[in-house]
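Here chain A shows up in two complexes: once beside chain B, once beside chain C.
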Partner chain A sequence: MSELKVEVAGAAEYPNTTLVRLKGPLSGAEQAELDRVFENIIQGHPPFVVAEMSETTIFTSSALGNFMNYRKKLVERNGDLVFAGLSLDIRSLLNLLGANRIFRMYNDTQTAINAYRWEKEHLRQATHLSFPSDLKFVPAVRQFVSRITKQKNYGSRDSFRIETIVDEVCNNAVEHGNNTAGRNVELTMNIDRERVELQVTNATNPEKVDMLREMSKSVLNSPQPSLEQKRGRGLALIKMLSNDLRIGFSEEGTSVHVTRLRGE
Partner chain B sequence: MNKSQPYNLELTFPGDIDYIPAVRKFVAETLQAANFSPKFAYRSEIVVDEICYNAITYGCQSLDAEITIQFTIHEDRMELVVKDPGRGEDDDRERLKHAVEGKQVQFPTREQGKKEKLGLEIVKMLSEELDFEIDKNNLTSVRVVRRREGGEKAPAK
Partner chain C sequence: MESQIELENEQLKGVDNAMLVRFVGDLDATNVEFVLEKVCSFLNEGFVHIVADFKKLRYVNSTGLGVLLHFNKSAREKNGSFKIANVNENVYEIIEIIGATSLLEIYDELDEAVESLKRA
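The block that comes next holds the complex of A and B.
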C-alpha cells in the first residue's frame, strides 16, 4: 500500500484558511503523522481548515475518528475542518458512517472557502443584470433573484417577498420608462447573510417624470400607505415589504434603491 | 411598447457555483419568453450549465473573480458569450482548444478533468457554432450559437 502524503499551505489568494492536501490512503495507521500536522496547524495556522481530498484513495472509519478529534479542537478555537474534492465512493461511504452530520463537504476548495467567507466574514456578492425594457422578461428576472436568495439559504418567505419587490420595481421600470430610447433596464443586486440590496435603473420618460416624482413623494412621505389610492399601489407595496426605499430622478434615468433585511 | 429583436442581455455574477442553477434557469426562461420552445430552452440550459461550470472551475483563480454572460436572442437563434478572467494555464487552453475542435485527447488529469471534457462535448453536440478566444490578459470568451431546431418555427409576426 502506498503511503499518505500530506501538504499544508495557505489557500491560494486567501490568507485566512489553511489548506491540507491529503494524497493516498487514510487508513488510520498514519495517525501519528496526522496528529503532528494538525497539532502544528492548531498552534500556528488559521483555524479554518480545508482538507483537500481529490487524491485520497481510502478513508477508513478509524481515520474518520481522528478527523473528528481534530475538528473538535479547531471548533474550540472558533475554526472548523471541512472536506473538499472527495470522490463519489468516499463521500458515499462517509455519508453511510453519518459523517455528513458532522463535517461539511464541498465539491472543491474554492466552494469551501466561499462558504466560509459567506458565513464568518459576511462576504457580500454582487450580481448585475441588464435586460430589454419589455414586460415579458420580468418573470424570468424576478425568479432569478429569488433563486439566488434561496440558494444563499434565505427562507422561502423572505425569498418570495424579495421576488415581489423585484417584480414591482422592474414592472414599473418597464411601464414608466422611456422604451423608445433603446436602453435596457439595469438591475444590480448585492447580497450577504443579513440583507439584500437592489438597485433598478431605467431611462427616464420625460413625459412622465413629473407625475412619477409627485407620486413617489406622496408614497415615500406618508407614514401608512393608503390602500384606497388608485395609483402608486406598487410603490406602496414595495415600501411595505422593504426596510429602506429611495428613488432618484435625473435626466439620465430613474433609479430605485431598495434594501430588505433578512427576516427569518 | 415592446422592444423588437434582437434582444441583448448581459449578466455578471460571482465565480461561485451556487449561482449556476439560477443563471441557467434565467437563460431558459428568457428564451421561452422570447417564444423559443421548452425543448430548445432546456437544451440551452444544459449548454449554459456546462460552460459556466467550466468557467468557474478553470477560469476563476481569484475568489472575487466574476463571470459575464452576453446573451443575444435573434428570431432564429441565440448567441451566448461567456467570459471568465482565466488562469493563464496551458492545460486549460489546450483542454478548451481540443474540446472545441472535437478531438479525442486524454489529458493526464484527475477524474474530475475527464468530466469537464465530457461537458464541453455535450456543448458541442447541442450547438451549431462553438469557438473561444483567450486574450493577452487571459480573459477567456467562449461563444456558442444555437439555432431553432428542425420543425420549430419562429412565431408569426
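The block that comes next holds the complex of A and C.
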C-alpha cells in the first residue's frame, strides 16, 4: 500500500481552483491512487489544480511522467496543473529533469492561486505606500513601483513610464504640499494585467491652492508643454505619459489620479 | 535615500575649452543641485563647450531636463555649446515629450558629438 496521503480541498475554500495536498513519497508506485484522484478532479472540479507538495518527501521521474499526463488532460479542459511548496532539493531535481519547462512552480499555494487569478481572472492587486513629505523619499518610491510593474511582466518601457509618472506626481506632492501639516504623502497603486492606476494625496498648502488650480488648468488644457514655463513641466509630462489624469483640490488636500494602460 | 548620480569629467583633447562629462545614474530632483553646481563650475572656468555622455544615465525627470536646458542656454550665452550623446531610448522619450529635442543638440555617438565640435 502506498505511503502517500492525498487530500483534495473544496472549491469553496479556493475559488475556481482545486488544491491537492500530497504528503509522503511520490515514487510512481501510487499511480493507481493518483489516477483515481485526478480522474475525479478532471470530471468534476475546477481544472486549475495546485499540487501542494510541502510535505512531499520523494519525487521520482516515474511520478513526474504521471503528473505530465494529468496536466495534459487538465490543459485540454482549459486548466493547468502547477506545483507549490516543493523543497529546494526536489525542485532542483525536477529542474534537472526539465520539469520547469512544463510545470510552473510556486513557493506557496496562495502565490500559485494569485498567479492564476492574475492571468485568468484579471485579478487587481493594490499596494499602499505612505511616506514623509520629503523629496529624498521619492526615488525609493518610484523605483519600488517600477519593480512591481516589472515583476508583473510589464515591459521595461512601460515600467519606465510608470516610474516617471510616480516620480513627477510625488515630487509635485512634496513641492507644492503643506510640509508643515505633519501629514504623509499617500500613494495607492492598483495594478492588473491591463492597467496601472495611481492615486496620490497630500496636504494642501492653502496659499498655493489658487496657483496650483490655475497651473493644472493651463497644463491640462494645453496640448503641448511650453518650454519657456519652468513650472508645470512635470505635470505636462504626467499628462503626456498617462491615459487619464484627474486632479482634485479640497481643504482635505490635493488628490491626483492617474491611469496608465499597458502598452507593450 | 537620494538617487545616486556621478559625474566623471575629462578635458577633451584637440578641442579648445571643451569638457567631456559622463553622467552615471539617475538625474532627478534629489541631485540636480549637485549637477548644476558641477557643470556650471566648468562653464565658469572657461570650458564653454560641454559634451555630456549619457551612456550610463538611466533616468531623467522634468527637473533634470530643466537643468539640461539651463546648461544649453548658459553655454550659448558664453558662445559655447552643450552637446549630448548616447541617450537611451527611455530618456530620449522624456526629452522628446517635453519638446526639447529641437533645443538640445543630441548625437547618437560620442564621436559624432566631438567631431561636430572640431568642425565648428
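Definition applied: the second predicted complex is superposed on the first by the 251 of 264 C-alpha atoms of A that agree within 3 Å, B and C clash if a C-alpha of one lies under 4 Å from a C-alpha of the other, contacts with A are read in each partner's own complex, and residues count from 1 in each chain.
Just so we're on the same page, contacts are C-beta pairs under 8 Å (C-beta built on N, C-alpha and C of every residue); 3 or more make two chains touch, one makes a residue touch a chain.
Every value quoted in this text rests on a predicted model; they were computed, and no experiment measured them.
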(message) Just checking: does A:42 make contact with chain B only, chain C only, both, or neither of them? Give me first, second, both or neither.
(response) neither
(message) Looking at A:126 after the superposition, I want to know if it touches chain B, chain C, both of them or none. Which is it: first, second, both, neither?
(response) first
(message) Let me test your reading of the model: by the given contact rule, A:240 touches which partner, first (chain B), second (chain C), both or neither?
(response) second
(request) Tell me which of chain B and chain C touches more residues of chain A. (result) B
(request) Using the touch definition from the top, say if A:108 reaches chain B (first), chain C (second), both or neither. (result) first
(message) Taking the superposition on A as described, I'd like to know which of chain B and chain C A:180 touches: first, second, both or neither.
(response) first
(message) With both complexes superposed on chain A, which partner does A:136 reach: first (chain B), second (chain C), both or neither?
(response) both
(message) Once chain A of both complexes is superposed, is A:160 in touch with chain B (first), chain C (second), both, or neither?
(response) second
(request) Could you list which residues of chain A make contact with chain B in one structure and with chain C in the other? (result) 135-137, 139-140
(message) Show me the residue ranges of chain A that touch chain B in the complex, using the header's touch definition.
(response) 12-14, 54-55, 85, 87, 107-108, 110-111, 113-114, 117, 125-137, 139-141, 143-144, 147-148, 151-152, 179-180, 182, 184
(message) With touch defined as at the start, can you tell me which chain C residues reach chain A in the complex?
(response) 1-3, 26, 28-30, 59, 61-63, 65-66, 69, 89-90, 93-94, 97-100, 103
(request) State the interface residues of chain A toward chain C in the complex, per the touch definition above. (result) 135-140, 156-157, 160-161, 163-164, 167-168, 171, 175, 224-225, 227, 230, 233-234, 236-237, 240-241
(request) Quick one: which bits of chain B touch chain A in the complex? Just the residue numbers, please. (result) 1-3, 7-19, 21-23, 25-26, 29-30, 33-34, 56-57, 60-63, 110-112
